[in-house]
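The next part holds the structures, each set out as structure tokens.
Each of the next two complexes has chain A plus one other chain: chain B in the first, chain C in the second.
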Partner chain A sequence: MEVRAARALEVGEWPMVFETLVRLDESGRVQPALAISWRHDASGQRWQFRLRPNMKFHDGSPLAGEAVAAALGANGWTCGTAGPEVVVQTGAPVAVAEFADARRAVFVRGSDGSLQGTGPFRLAQWESRRATLAANEDYWAGRPFLDAVAIEMGRTAQQQLLNLELGKADLIELGPNDVRRAVQSGARIWTSAPVTLMALRFERGRPAAEDAKLREALALSIDRAAILNVLLQRRGEAAGGLLPQWLSGYAMLFSAARDAARARQLVTGAPLLSLASDPADALARTIADRIAVNTREAGIRLLTQAGGNADLYLVRARIAPPVAGPALARLAASLEVSDLFHVSGPGLESLYAGERALVEEFRVIPLFHLPEIYGASPRLKTWATPGLARTGEWRLDDLWLDSELP
Partner chain B sequence: MLRLILVLLGLAAAPEDSVRELARKIAAALAPREAVALSVRNASSLAPAEVAGVRREVENQLRAGNFTLAADAPTTVAVTLSENWQGGVWIAEIRHGDKRDTVMVAPARPRERAAATPMGIDRQLILEQPEPILDAVALEDLLIVLEPDEVVFYGRKDARWERRQAIALPQRVWPRDLRGRLTIEGDSLQAFLPGLACKGKVQSEPALECGESDAPWPAGAPLAKGRNYFEAEKLPPFYSAARVGEYSLAAGMDGRTQWFDNATAATGSFAGWGSDIAAVETGCGGGRQVLATRPGDSTDTDAVQAFEMTGRRPTAVSPAVEFSGPVTAMWPAGPASAVAITRDLKTGQYAAFRISLTCSR
Partner chain C sequence: MTFRTRMLVSFALAVVVTAALVTWVVSVMTRRTFEQADDRRTATLVAQFRREFERRQEDLVRRVEAIAAMQSTLDMAVELSRPEPDYAPYVNEAGALAAAHALDLVELLAQDGTIVSSAQWPARFGYKAEWVKEQADWKDAFLKSEELPNETVLAMVAVRAVSAGGSNLYVAGGYRLDRGFLGSLVLPAGMRVLLYHNCEPRFSAQALTDAAGPARGAERLAPLIEQVREERREATRTIEWPDGPETFQAIPLEGRQNELLGVLLVGSSRRELAALAARIHWAGGLAAGFGILLGIGLSYWAARRLTGPVAQLARGAREVAAGNWNARVSVASRDEIGELARAFNSMIQDLISQRDRLLQAERVAAWRELARRLAHELKNPLFPLQITIETLQRAKEQAPGEFDEIFRESAATLLAELANLKTIIGRFSDFAKMPAPQLEPVDLNEIVRGAVRLFDAQLRAGSHAPIAPELDCDPGLGMIRADPEQVTRALHNLILNAIDAMPAGGTLRIRTRRAEDRAHLEVSDTGQGLTKEECERLFTPYYTTKRHGTGLGLAIVQSVVADHHGKISVESEPGRGATFRIELPEG
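Up next, the complex of A and B:
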């Protein structure tokens, strides 16, 4: 297995290593995981979970209620135990699905300081660009089929494709433009739901960022549909809002349509703006160049650059499911607009109103919702569940290798 | 207060309660005895009968609240039955002139997936109209519809499709069982009709040039002259085809679906599928599935179901999604979905649906 970058292993966000009290299945339904049952009070602020019996961390230490309470308490909740149950006081009403959030994963530090989880794989080795996972022989849902998984990081797309073609890698991360070549080499394509937001973010404090009409004009000038069709090979969705449709259910209320005429009406004599993108992200640089062409047609000149300080940035922000509200709050934080995000009450209406108010500030301009795409070698098989969850998480415990194929 | 907590905790209300709740929220945004124009659009996996039931109940609730329903009323109430991955999201947009209110409710999950099948099948209505639809390609902000006489371009306006432009096709006397296909790659658009091929660009001002052609359709073969099936060398005539790994499937004229290997040698056949099939690649289960219609004729209702090929036999991997009339065409639409065109037996309306699969366990 080979991927370009690991996602935040340091904070326990690998569900195949670190588990949560509950998990969500592919249809978003809550299923037991470390907890086998739960209940809550009428306000949804006090939760009691009964843990799966006889569970152990990877280092053999027992999964005790106190350890679970300590892990969950690190997130700002007040946690303790009551007999065989873990009690969580959240301080605000939450849905049970929020206990499936990877940030709520349960882990302890071993005697050597390493993180110990309970998942189907244990972390056997961790180096700067390589991680090795080993099967957890005692996993509560059954030992994984694979004995071990080696994860290589920091490889270019070309290197990964070559390794897949040569049989040196069984699962690689793909960009939209790599899919055709991967398919031609016999790979199967695994795609998640859109879990990454690509957006433009204005740099606070710069004169351009404080011109509301300029921000709106820039948003209206971008031809998302053309970029999606050509540069992104239709792998994703044009985004008018921050959350994707599959997560919010209301994303179609945000328009992502171009209106260059309206953009031209809003601004005249706009200053030259700088747009920076990640130097290591070739696709982002190409998209930035295309955006500059779009905005020029609307009378806004953009100078694109690879990295460095700029008036605005083309950024990718990971959308962290499973629940729309917390996902939107985290998205706002990662885009540095938390101060503009306010939700007046519970429910989707309030969330929608908060998101609309944030989007209509145009300090962040949503562009696309992009899926995770992986190429799997023909010999990599799945049993009951897909190797890639809808949420973009790897599900390696149901994978096996067909040894008859090269 | 109780209702708020239930929604908040994800314990969504039962559908009938949700309809009443939605109607109550709509009423709260209206003036007493106000006349409204109500529309209901389905953007979820609800079946047409369920959508009709929601509409009926919203109408009943509004009438019971002394509101008047009138198609030409200046105040509009646009109800969209949407969903996210955890359940339904029903939205009503109430417009009084420039003022707009948006209210929502979260009903219970529209339908439990069949436990015996590992995947769900989702149907999203793209467009419904009285004119025949041969094929439709829906992009984010652009919808292109192939009709017998023209190619129609729609743009999005306020979450709805608005007709923007139509390009007339060359006049022909078409077969009664006309078929047509649209493909789009990057900025290039192609339309295929019997004996006719059109090429164009999808830009701010779309253009199309058509000419006589017997070139192969995207199915890999040309349509037989004057007929509604494909003909290819070494293959018997077929209505539609799907590629599954190193094999191809072709829905033949004898009602059987045949297996072919790379050398187009028939390796077997089976019955039970209709004449329209399309391959999809989902990453679920075995990775590749085939969507197939049900056997029947144009007077029957139809259904689409997903199958995986195991031991060269089809195994159903999703429940069947039912339609209120025959599926007149089904074509692949991107790697993971297909577009199905249906004709409602009662209303005669044509509809284009996007069909996709979800991994449900």
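Up next, the complex of A and C:
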């Protein structure tokens, strides 16, 4: 198995190694994981979880309540134990789904300093560009079918595709433009829900960032549909808001339509702006060029560049599900607009109002919600669900290889 | 300037002018020849470049045709010919085709000109390029100004249409005409190509590039480019760079609508030709310089050879003039110079013969004059002697009583006349025995004053009218080296001459002065003067204008002056007295 390292390795993003107290199934419902039951007070700020009995970390050490409390406490919560239960004081009302957040995974450091989880696989080897996972023989839900998973990182999309076609890889990460070729080579495509926001972010302090009409005109001039249909090969959603529809439920209320005429009315004599994108992200560069083409029609000249300081940045921001509110707050933080994000109270309406207020500042212009896309070798078998969670994490414990195939 | 120098200068001038003229003619002809050769070379290079440019156009057409002929392209055309075609799957096709066929530009365009895929500007999909519909049947490659995300470039483009399902899929491919393209051209040595992209209303130095990037010295080429921009036709100009000249042929590059898209400058270096011409010029100059030096040397030799006999003639003439009658000119040549030398020698020989004859005649004349003078001088005392003796004889015979008385008187007369004869003989003896001067410091003024004192009584004698002496002695005359006795004797002779010349009285002026390191002595009288003929013969020995003179006085004066290496001259006119001038050296 081979994947391209598109993001830094964090324990929370490896649910097959590190598990949370609860997890979400494909329908988004909360299911027991390390905890077999839970309860909370009326305010939703005090939670008590009963751990699954006889649980052990990969190094054989028992899963004690103190270890769980210490892992959860690293996220700013106040945690402790009360008999067999772990008590969590969140300080603010939270939903139980937040305990399924991969960043709340439970782990300890072993005697050799390595991270020890409880998932179906353990981290057997870790090198700079290669990791090996080995099956957890004592996994509480049963030993995974695969004995080991070798993960190659730092490979280009072309190399990954070639390896998939040559049978040297069973699972690769795909970009939208690679899907067609992967399908032609017989691969099955696994797609998550949109979990990445692609957006334009104005650099604070630059003159262009302080011109509200220019910001709005720029937002209105972008033809998201054409980009989505052609460059993204319809893999994703045009975004008018920050959160995807599947997570917020109100994203369709944000308009992502182009209004070039309105944009031209808003701006006259716009200065030449610079738009930077990730030098390593070819797709982003092409999208940036396309945006420049769109804005030129509205009278806004964008000079695209790979990296460096610029008036605008085309960025990708990972949306951390599963709960909309925290996800939006984290998204605002990653986009450096936390100061513009205010939620007046609990409830979806308040969240919507906060997000709208943030979006209508046009300091961040949402463009697309993009899914994680993987190409799986035909010999990689699974029961009914793909080896990819809705939120984009791998689910490799129910996979096996069809050794009959060449 | 000597004759030899003039001849040398003339010869050298002739050589220099000839050499300079030859060098100039050679230089002009060389330059013209090289210019013609350079023009032919430039024309050849430009023709080569045109062939290379055409070859690249044909190559481009072949590559685009190859893309159009691909099965995948045909499949694409079929898919895109369907109603409401989906362009999304093909958005990256152009990039792949461009990479596979080594093209800078590839665009796939639908029937209506919609850009399905663009290699040079992938983000431009969906927009329309109306120009592709201008022709249904594209053939040759053409030039086009191609807009890219951040710039506009000049491109060579070819288009081919792929028909499927009643509609066309256009394949447009091309090369960017940029430094890379210029660098890929196979050019002959000494040639380079620059490209000016005519994208600004006015000349822009940044728009001029060569294979290495922005062209250096672009401003120097601005007039040529402006000329092409205005006239829309080819132009040629030579630019003088610091490292040599370079001829540029500027070719206008026009697009489909005959719009001027750019100017191609084909540069042909003239450095090697210029260096060769410079070497030839240098060699010519060196040869001319060597020729001039050789010419000057030969001129010197010829002048010397020609003027040598003349110089010998001059030297012979000077020697003859100095009294060397044995001088001869030895010239062996048979030319005019030899003839002249022989004539010179013959003339000298004739002169010697004439001189000898003249000397003989003069000697005879002198002897005759001497004999006449002696006869005259001796005859005067002899006649009284004869009369006295005859008187004694007659007294003896006729008056013996008075004989004693007569004898005493006659004896006295005889003795007086014998004394007179002795005096005459003594003068001749003195002249013959003129001794060599004994030089010693002498005060000439004092000699003059002494002489005037000596003759003072005689000047005032009652035998003739008084003569007034006037002295004008230069106090700055100083001492001279001379024989005081001889100088005194010469001065006495001149004073006696002056007294004899003024029987009716007059003024005797004696003046001394110093001039040009010589002592001058003038003795003037106010007597009857001398004729020109008398002046010429005045210093001839035994010549006299006086009735009783011996003709030796002035001869002695001249002899004394000559023995002192001085000069004597006389200036006189009849009735206006005479002035004798003596110059004596100081030492």
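Convention: the second predicted complex is superposed on the first by the 398 of 406 C-alpha atoms of A that agree within 3 Å, B and C clash if a C-alpha of one lies under 4 Å from a C-alpha of the other, contacts with A are read in each partner's own complex, and residues count from 1 in each chain.
One rule holds in what follows: contacts are C-beta pairs under 8 Å (C-beta built on N, C-alpha and C of every residue); 3 or more make two chains touch, one makes a residue touch a chain.
All of these numbers come straight from a predicted model, not from anything done at the bench.
**Student:** Specify the partner with more touching residues on chain A, choosing between chain B and chain C.
**Tutor:** B
**Student:** With the two structures laid over each other on chain A, which partner does A:Thr286 touch: chain B (first), chain C (second), both, or neither?
**Tutor:** Touch partner of A:Thr286: chain C, not chain B.
**Student:** Check whether A:Val230 is in contact with chain B, with chain C, with both or with neither, and answer first, second, both or neither.
**Tutor:** Touch status of A:Val230: both partners.
**Student:** Identify the partner contact of A:Ala238: answer first if only chain B is touched, second if only chain C is, both if each is, neither if none is.
**Tutor:** The first partner, chain B, only.
**Student:** Should A:Pro93 be classified as contacting the first partner (chain B), the second (chain C), both, or neither?
**Tutor:** In the superposed model, A:Pro93 contacts chain B only, not chain C.
**Student:** Applying the document's definition of touch, where does A:Asn177 land relative to chain B and chain C: first, second, both, or neither?
**Tutor:** second
**Student:** Of the two partner chains, chain B (first) and chain C (second), which one does A:Leu166 touch, if any: first, second, both, or neither?
**Tutor:** So A:Leu166 meets neither chain B nor chain C here.
**Student:** A:Leu388 in the overlay: touching chain B, chain C, both, or neither? Say first, second, both or neither.
**Tutor:** first
**Student:** Return first, second, both or neither, reflecting whether A:Tyr352 touches chain B, chain C, both chains, or no partner chain.
**Tutor:** Once the two structures are laid over each other on A, A:Tyr352 reaches chain B alone.
**Student:** Is A:Leu303 in contact with chain B, with chain C, with both, or with neither (first, second, both, neither)?
**Tutor:** Only chain C; A:Leu303 stays clear of chain B.
**Student:** So which positions on chain A get touched by both chain B and chain C?
**Tutor:** On chain A, the residues that contact chain B in one structure and chain C in the other are 226, 229-230, 234.
**Student:** How about chain A: which of its residues touch chain B in the complex?
**Tutor:** Spelled out, the residues of chain A in touch with chain B are 24-30, 40, 42-44, 93, 95-97, 179, 188-191, 193, 224-226, 228-230, 234, 237-238, 245-250, 252-253, 255-258, 322-324, 345-349, 352-353, 376, 382, 384-388, 390.
**Student:** Per the contact definition, I'd like the list of chain B residues that touch chain A in the complex.
**Tutor:** 4-5, 7-10, 43, 80, 82-89, 91, 93, 102-104, 106, 113, 118, 120, 139-142, 155-159, 184, 186-187, 202, 281-288, 334-336, 358-361
**Student:** For a test of understanding, state which residues of chain A touch chain C in their complex under the given definition.
**Tutor:** Contacts found on chain A: 177, 180, 223, 226, 229-231, 233-234, 286-293, 303-304.
**Student:** Any idea which chain C residues touch chain A in the complex?
**Tutor:** 87-89, 91-92, 121-127, 149-150
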